[in-house]
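Input: structures, listed below.
Shared between the two complexes below is subunit A, which pairs with subunit B and subunit C, respectively.
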Partner chain A sequence: MKKSTFLVFTMPSFIMMTLFIALPLLIVLIQSFQFNQDVLETIERENCDPFGCKTETITVPVLDENGNKIKNNIWVGFQNYKNILKFEQLSSVISNDGFEWSKIRSIDFYKALRFTLTFTFITLPFVIILGLILALCVNVLINRLKGPIIFITLLPFIITPVIGALSIKWLFIGDGILTLFLENILDKDIALFSQGWTIEILMLFYRVWHTIPFAFVIFYAGLQTVDKEKIEAAFVDGANRLQRLRFIIIPHIMPLIVFVALIHLMDSYRVFDEIVGFSASGFRISLQWMTYDFLRIDDSGTRSIGRASATSVLTMIGIIIILIPVLRRTFKEQKEKKL
Partner chain B sequence: MKKILVLFAIFTSFFFLAGTNAKACELNNSVPVTSLSAGFDAWKVVTSAMEECGNFTPTLDQEYRDKLVASLESNPSQFTMAGVSASTNVSVLDAGVTRPLDDLVAKYGDSLQDNQKIVIDGKIMAIAMMTNAQHLFYREDILSDLGIDIPTTYDELLKAAKVIKDAGVVDYPLGGTFKSGWNLGEEFVNMYLGFADSFFDGNMPAVNNNDGYETLKMMKKLTEYMDPEYLTSDSTYVQQQFQQGKIALANLWASRAGAMDNAEESTVVGLVKFASAPKAKKNGKPASTLWWDGVVIAKNVTDEEAEAAFKLAMVGLDPANLGANPEAAPWLSNAFDPAPSNIGAILTAKSGAAPYPASAKMSTLHGVLGAAIGDYLTGAATAKATLEKIEADYITAATEKGLL
Partner chain C sequence: MESKLFNLTTPLKIIVSITIITWCIIALFPLLWIVVMSIKLPVDSFASNPLKVIIGPSTKEQVGGLSFVNFIFLFLSIYLFYKLYQIRKILFDLINPILKFSLITFFILFILYITISFILFFLIQNNLSEFVNILFSNLEFLKIFSYPIIGFTPQHYLSVWVGNEFYKQFLNTMIVTGGVVTISLTVGTLAGYGLARSNSMIAFWLLIFALIFRALPHSVLVTGYLEPFINYGLYGKKIAVIVLLVAINQPFTIWMLRSFFMNIPQDLDEAAQIDGCNPFQAFWKVVMPLMWPGVITTGLFSFLLAYNDYLVAALLLDGQSQTMVPAIMQYFNMETKMTDLVESIAAAASITAPLFLLVMFFQKQIVSGLTQGAVKG
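== the complex of A and B ==
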């Protein structure tokens, strides 16, 4: 292909990617080194409400001639990152009292990081193994049953994540149906939303339930391309079911397993819906939830754009680190294929 | 034939209803007006009266504070008018997105009382319609059965809770709006003002002291008598706990009092009574804050729209309309007697509860409180560490905003 033709063909997507991916990333990066402040002044203000009049000294934003707030972006270096990572507090905790987890988790970032990592790595094997088992089971069904069963298995994936999380919450919160059911069986009072670990298990369960169909569909498609002759040959050679799975099927769909792992790692590192859906923020928070919380406007009408950007950048760095092993593997394979 | 008659009856009743609806509002509004406000009963009463005048589209949203400033800031504003509280009014004032109402009040505001006018530096910036406060809700039948006096202090409340727990008449003796976030922050603010007077020294926080410690300790004692899922429990949840007869005592918003006797939802009609918020210290003031709710009109709308919005608001806030629904809220109007369900708010104000100290720094602290206290209540952090974290987080946030 001529170079100019190549450029003409790729230009639209190149422009789009710059506009919608590279530029916003750059802006977030810049904002993470800034404080976005209103210009403030301290004034005396007389305020009369139903409870009486009083004059108070308060700090308010300065308004320009059009009556708008004057915004100021101040470069603060790594201050936003310092405010989030709190290295000083961390090092004092570690050096003074030995390693005490309860004190480290009082820093929001580490609390969120802990949850995000466990969430990501505990759900991963469940999604892959259960998805694979499901695909293998459906694969041996008679053809007439396959369609309806596939449709039913896909349902959890179709539900909007927040809605799914809410409905599971309502099954269990307070005297939800399933809590009542469990209380009847176990004959004791159960409150699943009164401590962190039970909510965490519910969130893990929900994410696994919600993502299995995705893994299942990918694996099921992969199973259709397994070479039947190879399987038959192995059968003739006396390989049992497990050996056929281990030596023929799994190597064949390995690229798909890597693909599912890749997508799942990226997705679950951004865990957010569960925290909101399960009202879990009193017990468990995630990195994305921190970004959201900083971005939320408070009663004074301002938001912490600087710290929100900094947590976004840290989340991005986290995802890249987690993906490195998987990406290296894919890269190597590509290289080998070329050779 | 019978079917046709039934259909005919249904149709005529529709026309009849439509006819009465049109008559309910004498004002014939031709300018499209929109509003954004919270969604509790009082706002339903006000906005549904306004809707009958035509061309009015209200948005009732309990999370309205998330979009209030941003939507009024745009030009033209996304909403012609908005419902605000004592605290959100500060955010729209600070952003300069609402307009002075003096001209409109002079022209159309004859029905308003002076205490409804929110006057900032001599200009009327909002019209208050009701007060609100968290105060004591109690099950009269349970207290009298067990021979308990109405608690006036939190120590008495705890004793009463213990008696009720031992008697085992309800699932949990206490309810509380302890949902982490704004609700939990508000609980701290209420309790702290029962012990102390000020949260700040200039713009610096001043809660890391003995009063802050006592506040946290009291909150934790209360949670021992609550549904253990208290960190997810908001006003609506506590209201339902009452309505379903699961709790006996709670400090709940006055705007929820009317719902206790709503026969469609409540199994305890006539059994829940109201009293002043308990005091934190003997001889202190009630551990509660006084709020007001009212309407503002956006700056970035035409004068014509603003005028139409104000006229509509006057229909909604008309004493005749409010007087027809006295149980919906402690209305500010003196034109009618308050409903029995408003007595708690009135008593709380009379016993000297403090108004919510709305300001930019308070909003910042409120957010920090709501996020930090959960860990203390669940035992994940000590009181000392929690108070230190509150101060440190406030200083971080306030520095970022330029308050410090």
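== the complex of A and C ==
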């Protein structure tokens, strides 16, 4: 294809991505060094009461012609980052009491970071292993059953994440059906939504439940392309089922495992819907939730855009660090294909 | 040889069946349970005995329920719908030559099925079984069939959709998803074709950047544009959400469409160009007719992204312009009485229904879409 034709075809998409992805990134970076505040002015006002008049000076926000407060952005350097990372508090915690997690976790950012990372890396092996097991099981089923089972399997995947999380929450909330079941078995009162770790387990469970179908479909497709002759040859050589899995099937679908891992890392790093669905923000927050929370109007009626931008930047740095190894691999692969 | 190799031993068969049955229960149970809860009075929905939740004795006493007759009619209509579902391919071949545009045929067929299911379940099935119930209850020997077995009340659905005007939020969601799907596909198809047919370095870097953009948390993009949107009066406008969701979706769309285009041999458009087409005619008249399955699949994923979005809509829309998912969460947070809680459960169950139909009709496309990116890379 000629270069000019290529440019015409990709131009709309290119403009779209520059304008609405690359440009916002730049804006976020700039905003993260700014502080948004009301423009104030000092005015003298005459205050009259029955005993005479007094002049006093008060500070009021400047209003524009529509009666909205005029705001301006002032440069604050790394102040937003400092407010989020709270290095002084961190260093004092570390120097006074040694390295203690519970103290560090009282700072929102580290709490969010801890949760996001645990969430991302704990769910990963579960998704891959359970997805693979399910794919292997469905693969040996008779054909008539495959369709309906794939149908059922896809449901947790396509359901609205917030609603999926809610539906699991309702099973466990207060007198939910499974809480009562657990209480019967364990013979004690259980309140799954009154402490952090139980909510965390539920969130992990939800994410695995939600992502297994995706891993399953990919692995299942991969299993269809395994070379049957190779398996037969291995069978003749006396390899048992486990050895065939270990030495033929898994190496064959290894690229797919990497693919699933890549997508899962990207998706679970931006964990957000679970926190909304399980109303977990009192106990567990994630990095993306922090940004969301700063963007909402707070009690004083303002949005902390500066802090939201700073958390955004920190979140992006995190995902880039996590993805560097995988990106490198894709980069090489794509480059080899070109040559 | 082959049969001996691929046949399973009995213990393995048992393990496989147990795994699959367990998974199916885990996959379905939460979803089925919200449906069961949503059709009961709050007393039953939150009863401690699971049997009570399913049967709903208080609901049965106070409002009534489904009798044997109802079940017969329900099963009959499900069966009828299933039969209609099975002939969808024949219908497709019947309509397609008239319209000459498979995407529109697909769309019309989908709407047709939704209408049919609505008429079948809510008008015919509902009224007919009601009629037979009354008829039977007046006959001495058939009376027993018209007694309610399982408590059932549609009141929560009615109060959500009619009383709380949830259809407004439904319309908002439809406008947002419709906009996102149309714009992402138009922009994405062009780019996907260009990327699939080009070996230049620009194409390579564009793809790499798209992959990085794919990883960005969605809140980042909202952070960048929230202030400008508020300042220029776009806050609360659906177009703002549409534009951001299209942008979020774009990297994924171009990767997927590119891999679909790569399946179509390049000789085809080269031949067309030798025959005198310009690149755009070759694209539109020769390549695109083969691409519709890929476009439909990608469209499905765009639909899911827009339909399921919470973050962007919650930050950029409010009140009347809100879409369904954030609206349900607001509902849920406002909850003061048990009835409100069950109503929000009913709302949640009803927004899942379209997704259910979607999987039913597009299972193949969803599976092919998921595997496309992975296998072809």
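By our rule, the second predicted complex is superposed on the first by the 298 of 339 C-alpha atoms of A that agree within 3 Å, B and C clash if a C-alpha of one lies under 4 Å from a C-alpha of the other, contacts with A are read in each partner's own complex, and residues count from 1 in each chain.
We adopt the following convention: a residue touches a chain if its C-beta (ideal position, glycine included) is under 8 Å from a C-beta of that chain, and two chains touch if they have at least 3 such contacts.
None of the values given here were measured: they were computed from a predicted structure.
Student: Just checking: does A:Ala112 make contact with subunit B only, subunit C only, both, or neither of them? Give me first, second, both or neither.
Tutor: neither
Student: Is it subunit B or subunit C that touches the larger share of residues in subunit A?
Tutor: More residues of subunit A are touched by C.
Student: I'd like to know which partner A:Thr291 touches here: subunit B for first, subunit C for second, both or neither.
Tutor: second
Student: Let me test your reading of the model: by the given contact rule, A:Gln37 touches which partner, first (subunit B), second (subunit C), both or neither?
Tutor: In the superposed model, A:Gln37 contacts subunit B only, not subunit C.
Student: Once the shared chain is lined up, is A:Met316 touching subunit B (first), subunit C (second), both, or neither of them?
Tutor: Touch partner of A:Met316: subunit C, not subunit B.
Student: Regarding the shared-chain residue A:Asp299, is it in contact with subunit B (first), subunit C (second), both, or neither?
Tutor: So A:Asp299 only meets subunit B here.
Student: Pick one for A:Leu223: touches subunit B only (first), subunit C only (second), both, or neither.
Tutor: neither
Student: Could you tell me if A:Leu202 is touching subunit B, subunit C, both of them or neither one (first, second, both, neither)?
Tutor: neither
Student: Using the superposition on chain A described above, determine whether A:Pro255 touches subunit B (first), subunit C (second), both, or neither.
Tutor: After superposing on A, A:Pro255 lies in contact with subunit C but is clear of subunit B.
Student: Could you say whether A:Phe193 touches subunit B, subunit C, both of them, or neither, answering first, second, both or neither?
Tutor: After superposing on A, A:Phe193 lies in contact with subunit B but is clear of subunit C.
Student: After overlaying the two complexes on chain A, where does the subunit B footprint on subunit A coincide with the subunit C footprint?
Tutor: 174, 279, 296
Student: Applying the document's contact rule, which stretches of subunit A touch subunit C when the two form their complex?
Tutor: Its residues touching subunit C are 1-3, 5-10, 12-14, 16-17, 19-21, 23-28, 31, 36, 133-134, 137-138, 140-141, 147, 149-156, 158-164, 166-168, 170-171, 174-175, 177, 180-181, 209, 212-214, 217-218, 221-222, 225, 228, 231-232, 235, 241, 255-256, 259-260, 266, 269-270, 272-273, 276, 279, 287-288, 291-292, 295-296, 303, 305, 308-309, 312, 315-316, 319-320, 323, 327, 330-331, 333-335, 338.
Student: Which subunit C residues qualify as touching subunit A in the complex?
Tutor: The touching residues are 1-2, 5-6, 8, 12, 16, 19-20, 23-24, 26-31, 33-34, 37, 46, 48, 50, 53, 186-188, 190-191, 193-195, 197-200, 202-204, 206-228, 243-244, 246-248, 250-251, 254, 279, 283, 304, 307-308, 310-311, 314-315, 325, 328-329, 332-333, 345, 348, 351-352, 355-356, 358-360, 363, 366-367, 370-371, 373-375, 377.
Student: Flag every residue of subunit B that touches subunit A in the complex, lowest number first.
Tutor: Touch list, subunit B to subunit A: 65-70, 73, 86-88, 90-97, 115-122, 128, 131, 179-181, 184, 203, 227-232, 237, 290, 292, 299, 332, 349, 355, 358-364, 366-367, 371, 374-375, 378, 380-381, 385, 389, 396-397, 399-403.
Student: For a test of understanding, state which residues of subunit A touch subunit B in their complex under the given definition.
Tutor: 35, 37-40, 45-51, 53, 56, 58-61, 63, 67-69, 72, 80, 83, 102-103, 105-106, 108, 173-174, 191-196, 279, 281-283, 293, 296-302, 304, 306-307
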